[in-house]
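Dumping the structure here so I can ask a few things about it.
In this document, chain identifiers A, B and C correspond to the written order of the chains, with residue numbering beginning at 1 in each.
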Amino acid sequence: MPALLELRDVEARYGPVQVLHGISIAVEEGQVVAVLGANGAGKTTTLRAVSGTVRRTGDVLFAGRSVGGRGPDGIARLGIAHVPEGRGIFGELSVRDNLRMGAYTQRDRRAFKTDYARVLEHFRWLEERRDQQAGTLSGGEQQMLALARALLSRPRVLLLDEPSLGLAPIVVKEFFRIVATLNAEEGLTVLVVEQNANLALAASERAYVLEVGRVAVQGSSDELRRHESVRRSYLGY
Amino acid sequence: MQQLAQQIVSGLALGAVYASLALAIVLIHRTTHVINFAQGEMGMFTTFVAWSLITNHGFSYWAAFATTLAIAFAGGILLERVVIRPVESASPLAVIMVTIALFVVLNGLASWIWSAETRNFPSPFPGVVTVWGVSLSRHEVGAIAVSLVVLALLWAFFRFTRLGLAMRAVAIGPEPSRLLGVRVGWMLALGWGFAAVLSAVSGMMVAPIVFLDPTMMQSVLIYAFAAAVLGGIDSPLGAVVGGFALGVGINLLSTYVDFVTPELELPVAFAVLIGVLLFRPSGLFGRAVVRRV
Amino acid sequence: MRSTPVRFGLFAVGAAVVALLPLFVSEFRAFELARVGIYVIALLGLSVLTGYAGQISLGHGAFMAVGAYTTAILTTRYGIRDLWTIPLAGLLTGLVGFLFGFPALRLVGAYLALATFALAVAVPSLAKYGRIEEYTGGGGGLLLNLPATPFGLPLSASDWLYYLCWGLAGLLFVAAWLLVRGRIGRALRAIRENELAAVSSGISLPAFKTFAFGVSAFYGGVAGSLYAITINYVNPDTFPVGLSILLLTGVVVGGLGSLAGVVFGALFIQYLPLYASDLLDWPLSRLGLKIDTSAPGAPAVVYGLILLAVLLLGSSGAAGSLARGTRALTNSLARRP
């Protein structure tokens, strides 16, 4: 069975600077896959290449079919939800309006009501804050909002870009717990980019380690945890 | 007392005209960060279209009004896609020059097609109406009402519809919007469409007062710019409040202050514009922006 | 970048052509070409401000108006000889521009364009203001009644005006050229490229920006003064906002940041409107459309479309330098206020 999401020999550049030098990654349906690496290794760019935010060469396949030259909005409509670095919250809109935007690609109004209820089960507190201006939420709350918003688009694949950045450990833990629940209960496929390798390996089944725009190591998360160089460089022991 | 009431109503009527055009300017600036110098000419041109529909094609006023709004909407979208889109990512000077070129083309086209002579434009609200013992121009009252209705409809669109929400989101963050599946380019075009509609309303409401000719909207544009800046260039509420305030303020000023004759009204608006830009650039309702250096 | 001797050579050739032209053209043409000379002066000023210093001005026509009215008032009311009013008009307008530079310091990009645009629309109104009507002649304007050729020179009126305008244009062209190649020009260009960087290099933004406005206004004032002398008449509608737009178009089409391009721009401004209908006739007749292209407004459509084409296609020639110029302006304008 082909992987749900696949990158084949993807290269990407920002102007004259080439950041990805031929990346190949496969994410099976229902898996949580992590992408690790130091700053500047190309982790965020990898996600951007998938969501069409950055120009790339090479191929990105979704459910076995190439996504072609689709832009970010086209990719989103396919069912790939990208929660960007910095969360991308609409600060001046209310929490509720942010969530409504999550369901932009969904036509069915009645389905929104049930989706909304279902998603908010994981984020009960968002319901109370629904009229609050999203920009006044704390960093952790915004990250949760971004996740909830992405979920409302009924994604088949969720792309998470450095969700732990700037957040307190307890909040991060809760975030990944929710992701794990979604993965276990609803079979949500996740590709998560993380600088915190411990966290990422604990939350995922498979992982890729990027170094200077290339895949240096890949394997199951358990294997990687025991891998000599990975331990030394990224896990600190 | 009668005179004061009349002058206030006159001021509000002109204010309604300025508010509509100011809102158009703010709408475009919020979404595309462009100051559209051709906004007034778009209104002038569509008003000429309405005139032509009524005079040459026998349309009734409201039929012409509705048709013109539809044409304006389509025209606005077309202009954004064809003329603005190619320079969206270019330097601000290039975009400004494009809107100025548009100004020139629309102005010239209007003179060419309909000639530069001044003509009457009908009002659907002729005559005088007496309210609480004060006789007021029915057109002025009507202009205020029509403008308020259009503004309310637009507000409702942005507040309650999916598309309206998407447009608000795009104004705040086009990139995150894209990631949620919004076709940002078309949202911008829609913004231009609505702005064109607002300009058309502004033009059709002011034409019966100042008479229709190709230069009709040039001073209105200055008042609208002053109102938009006064209210805060990114604040729709500010544009509307600013427009009404400016209309009433300047009208009262020229009526009751000897020093301020009708010829000085435009320079006064200019002074307001410069004053706000210098001393409170964020306007009354805008966010404060710090300019270093 | 052409080397200096080549440039001198070109300039000398140009000067010779300009000097000898009246011998070969009709009086009417000479008069027309005098106008081109006036545009050259106006565009030189605008070029310094917008092309070199990167400050967008849509109000240059207002500066011309100030210069024109100064000359008109000085000659009609105070009987001063027209020629002496030229430097006076220039200096007075220069002062006005310099003062305008202070508030302009706080305005960036589109907002400066906005403010200058409003200035251009508001100034004609000001001229009609009742309180100063006795000076400005209100809506009716002022008739100058100037003697044709002074000092009993053996020239026709048109030829005299031609040499007056082009003589000053040549002089002011050299002055502008000296200005932009020196330290001042470098400072202005630095400001255009990146204001923040310029300030960190020790360039005083207030000093140079107000200076740029002052110089630009001086040139505008001289151009306006000559305009009044040439036409012998000024009224509030002589300098509508359309003129400011036309002047900026001339600078853009001639190439931002190019002094030589200014001559091309001036010719463009003067002649395009006149030949616009011929330009339109060709495609229209091909399409079988019988449209009257001599109607007012048709030339504006043509020059507007050409401006659009230049901006949208932005590749070679004048457009290429526009692209280069605008890229340079991007830095200073990219920060939104």
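The working rule: contacts are C-beta pairs under 8 Å (C-beta built on N, C-alpha and C of every residue); 3 or more make two chains touch, one makes a residue touch a chain.
Model, not experiment: these values are computed from the prediction.
Contact with subunit A and subunit C alike is made by B. Chain centres computed from CA atoms place A at the largest separation from subunit B.
The interface holding more C-beta pairs in contact, when B-C is weighed against A-B, is B-C. Relative to the centroid of every protein C-alpha atom shown, the closest chain centre, again from C-alpha atoms, is found for B. Centroids built from CA atoms put subunit C at 56 Å from subunit A. Centre-to-centre separation between subunit B and subunit C, using Cα means, comes to 30 Å. Averaged C-alpha coordinates put the centre of subunit A at 43 Å from the centre of subunit B. Not a single residue position of subunit B touches two or more of the other chains.
Shared contact sites, meaning residues of subunit C that touch two or more other chains, are absent. By the touch criterion given at the top, residues 162, 165-166, 168-169, 172-173, 175-184 of subunit B touch subunit A in their complex.
If you check the complex, the residues on subunit B that touch subunit C are 33-35, 37, 83, 86-87, 90-94, 96-98, 100-105, 107-113, 115-116, 214, 218-219, 221-222, 225-226, 229, 259, 261, 263-267, 269-270, 273-274, 277-278, 281, 289, 291-293.
If you check the complex, the residues on subunit A that touch subunit B are 51, 53, 71-73, 76-77, 81-82, 84, 88-93, 97, 100-102, 104-105, 149, 153.
Considering their complex, residues 56, 58, 103, 106-111, 113-115, 117-119, 121-122, 125-126, 128-131, 195-196, 199, 205, 241-242, 245, 248-249, 252, 295-305, 307-308, 311-312, 314, 322, 326-327, 329-330, 333-337 of subunit C touch subunit B.
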